[in-house]
Amino acid sequence: ELGCFVEDIDNVKPEYVKSFEFDSKLIPLTWIVVRIDGCHFHRFSELHEFVKPNDERALNLMNSCAMSVLEEFPRDIVFAYGVSDEYSFILKKTTDLFQRRASKIVSTIVAFFTSTYVVRWKDFFSQSELKYPPSFDGRAVCYPSIEILRDYLSWRQVDCHINNQYNSCFWKLVASGKRKKEAQQSLKGSQLQKKIDELAIDYNSLPAMFRQGSSVFWEKMDNVLTCQQNGKSSESCGRVIVEHCDIIGSGFWLEHPSILEEKQ
Amino acid sequence: ELGCFVEDIDNVKPEYVKSFEFDSKLIPLTWIVVRIDGCHFHRFSELHEFVKPNDERALNLMNSCAMSVLEEFPRDIVFAYGVSDEYSFILKKTTDLFQRRASKIVSTIVAFFTSTYVVRWKDFFSQSELKYPPSFDGRAVCYPSIEILRDYLSWRQVDCHINNQYNSCFWKLVASGKRKKEAQQSLKGSQLQKKIDELAIDYNSLPAMFRQGSSVFWEKMDNVLTCQQNGKSSESCGRVIVEHCDIIGSGFWLEHPSILEEKQ
Amino acid sequence: ELGCFVEDIDNVKPEYVKSFEFDSKLIPLTWIVVRIDGCHFHRFSELHEFVKPNDERALNLMNSCAMSVLEEFPRDIVFAYGVSDEYSFILKKTTDLFQRRASKIVSTIVAFFTSTYVVRWKDFFSQSELKYPPSFDGRAVCYPSIEILRDYLSWRQVDCHINNQYNSCFWKLVASGKRKKEAQQSLKGSQLQKKIDELAIDYNSLPAMFRQGSSVFWEKMDNVLTCQQNGKSSESCGRVIVEHCDIIGSGFWLEHPSILEEKQ
Amino acid sequence: ELGCFVEDIDNVKPEYVKSFEFDSKLIPLTWIVVRIDGCHFHRFSELHEFVKPNDERALNLMNSCAMSVLEEFPRDIVFAYGVSDEYSFILKKTTDLFQRRASKIVSTIVAFFTSTYVVRWKDFFSQSELKYPPSFDGRAVCYPSIEILRDYLSWRQVDCHINNQYNSCFWKLVASGKRKKEAQQSLKGSQLQKKIDELAIDYNSLPAMFRQGSSVFWEKMDNVLTCQQNGKSSESCGRVIVEHCDIIGSGFWLEHPSILEEKQ
């Protein structure tokens, strides 16, 4: 019986089977953005009773996972921006991570993020059991210049802003007794800024994390001496931090010039 | 301050930013194979003290996750084959899952598998805490015909066979007191079948899961009546099973004609 | 001055510049169709006073070029189908022409066809000078099975049929004194078969080339002896021919089984 | 008979057949280089008795075709560089020619160039009949910045320089009575600059076209008034010129700032 199996083995030609594989490589010297999104998180957030419109625990869990991703790929990922159940990771334009193979880059980041999400769930939702395995999908996009990359990040932050305004109004209406369908109807086509005033929402006092999303990056140490005292190599200096700030204007980028600096 | 932010918003043009996105679609009416692999599982298996050369708990955990993947995508994934820390999922050639977008298909399967792996870890490793978040990478390949698809699966099973022969010898040598480097040296270029005889390894009595890998698929119910009595639609009939058998010869495929049947 | 130029030379790193090149390879063991189309041939045909709705000289020139393409790539291209200013070339599924690189395959076929078109122009339009360099564009598509490939060819022949019915009616109306806009208006949404009857067009007596398009392929020699008598190798036996026949039904393919035979 | 044909027609589903088509789009806002190369020009040049190592008529014909290409796509192609039987066309980074579809861009440029080459052959080779249809192949590459684009062009000009040094030595040796194989052998691994001195080749007095290749671009008119006097729109001002100069140093680019200017 094994004899027959072994005979069959000799007929298998790996090279021909492997010839069907293809590597779509991301064009060199462009900024790579890997954006991941929660799969069916509408259902997931309801089942796990996320606070609406924003659940601090869920957002902090997302941020914690994103920080882990940066720590896992310290030479390649320079920035991440997250809002709701999505996160965008920016790989520096000179990265050669996995020889810039799209599948490998996307799948590894998505899997690592998801894995961390499950492992750390209990740290953020101590009262609530994970009811089924959550998952994320991802995609990679190349941007040829810093200007376009910043336009991408601005687009995501504008999305955050608009969605948060909408959701703040929507859930205020629901809290006031409106049914979801009515709330939706009443917001259709309306100017959100106006609605916020009408509904007496003190928008600016909402946490910055809700209004601005979360920016994750390596804190640049000023004092290199500290590092040397610790006996660590200068490379390990610094730590990953999360901030909630305007990344559309140039102020943030002028304050943190090292994040998108062109040099390796 | 917000005023400035809001002004900036109006300058962001989503259409232009989105124009950089691209979808690489997998060619229609071809069989899609998504193969996932553990990332740095050499280190992971050492740290979590996997039994060598094969750890039943680890393999059963892999199988359990693969079964979950089939249950999650019952209309699209028709078969899976796993060995060691890798798994290949076969999507039927008529699938339109995610409009056949490669990134979406690969990232979703990889993330769902990884998530399930972490969630079920304690079911298989009750004594051993997960020391860090494991992850997997993945890729998609298209095969234009059943013959080539079966050549692919044969290639993976041959790989399983050869690796298992090698590892059985290697760890026997190590168990007998040889250092790893010596064991490696002594196997270099040698005929494995001969070595197995020399080392008195009773290869055929090893568990079939080690020798043949694991095949996961929907068990076809013979008796449709049972299903109707349960009041369930005929679609929900059947359950996912795992077997350890020769998938190189045609016997298996003749016994289970529905797995690769061309009809939708 | 040259000194400076030579110094600059040493700073040029070809490997890095070449790293931006990418080869999109066409998936192995699928049928490749390269379809080429005349660029701005509406204008080209007016300027060179093509007879309407079909110009025999122009079609014969197209056919002659297609025959040349088959002769140029005798091991790779097995069939071609042409209508109006377009031609589809079928590469057999086992071809490894240019290692199946899409750009190379498409550009070479398009350039060779165009070049031949210009060179042979005077053979078909002896009275009419070429007023400017005509050109064609092209694209490649992969089809995973003979059935789908035949569906592709059927699609092109249906297109030929419908366009020819329409054009026959249109130019009959114009010939009868209608202005082009009127003719167009009167055909809008009408059933073409009915219109043909109304206008008393003897459609079936039109040349088969107009109604069925042109099929180009290698004529299979029945009598191998003839070849051997000529002292030629059996490979060089046969010649490229053009026929105007139904390629939608299976009759044609049954009569010429060697065209799409799966064996090399 | 037609009845059966018409019945078949209704079974053809164009949407499904068209679903196999794919468009590989070139990433937006990057510089596109389309490089074309003569197919089998070694043989072509021998058969048509090109002067060695450089045939002025052949190079002038190439340049004439390249100029035509720029005139055909005045809003899209801003520069071209040619040497021997190859030409590189630079499309400005904001171009939306054919929606940046790679196949369409490459095939159209290659076909137009080839067509022009055949049409103008007799203008440059009045004594010599074209013995068979010449053809070219082509490919597209994207470069994300001006710096990298200039590195690409430098690479091509360095290639021109090295090949021309080699060929000058080779043909001098052949002229002096060496057989081709001997000449080849004697140049193997030798320093070309040294060999040039040894062979007393007055390299710097060779025509600049041989040493530097050919650069093709739009001449910028200084005096817009001239144009208006001609009654032409300002857009049509200017004409395509060819120069033979150093494009590796920055001198050329500083003199012609409009060629690679980033603005539309």
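Going by the order they are written in, the chains are A, B, C and D; count residues from 1 in each one.
Just so it is clear, a residue touches a chain if its C-beta (ideal position, glycine included) is under 8 Å from a C-beta of that chain, and two chains touch if they have at least 3 such contacts.
Predicted model only: the values in this text are computed from it and were never measured.
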Subject >> Neighbouring chains shared between chain A and chain C, ordered by label >> reply: B, D
Original post:
When A-D is set beside B-D, which has more C-beta pairs in contact?
Top reply: A-D
Subject >> Remotest chain, chain D as reference, centres from CA atoms >> reply: B
Original post:
When the C-alpha atoms of chain A and chain D are each averaged to a single point, how far apart are the two points in Å?
Top reply: 44
**OP:** Would you kindly tell me how far, in whole Å, the mean C-alpha position of chain B lies from that of chain A?
**Re:** 27
Subject >> Interchain centroid distance [CA atoms averaged], chain B/chain D, Å >> reply: 49
Subject >> Shared-contact residues (touching 2 or more other chains) in chain D >> reply: 20, 22, 27, 142, 148
Original post:
Looking at which chains touch which, would you call it a line, ring, star, complete or other?
Top reply: complete
Original post:
Which positions of chain B touch chain D when the two form their complex?
Top reply: 16, 19-20, 22, 25, 27-29
**OP:** Quick one: which bits of chain D touch chain A in the complex? Just the residue numbers, please.
**Re:** 27, 29-30, 142, 144-145, 148
Subject >> chain C to chain D touching residues, read off their complex >> reply: 2, 4-6, 8-9, 11-14, 16-17, 20-22, 24, 36, 39, 68, 102-104, 106-108, 110-119, 130, 132-143, 148, 151-152, 154-155, 158, 161, 193, 204, 246, 248-249
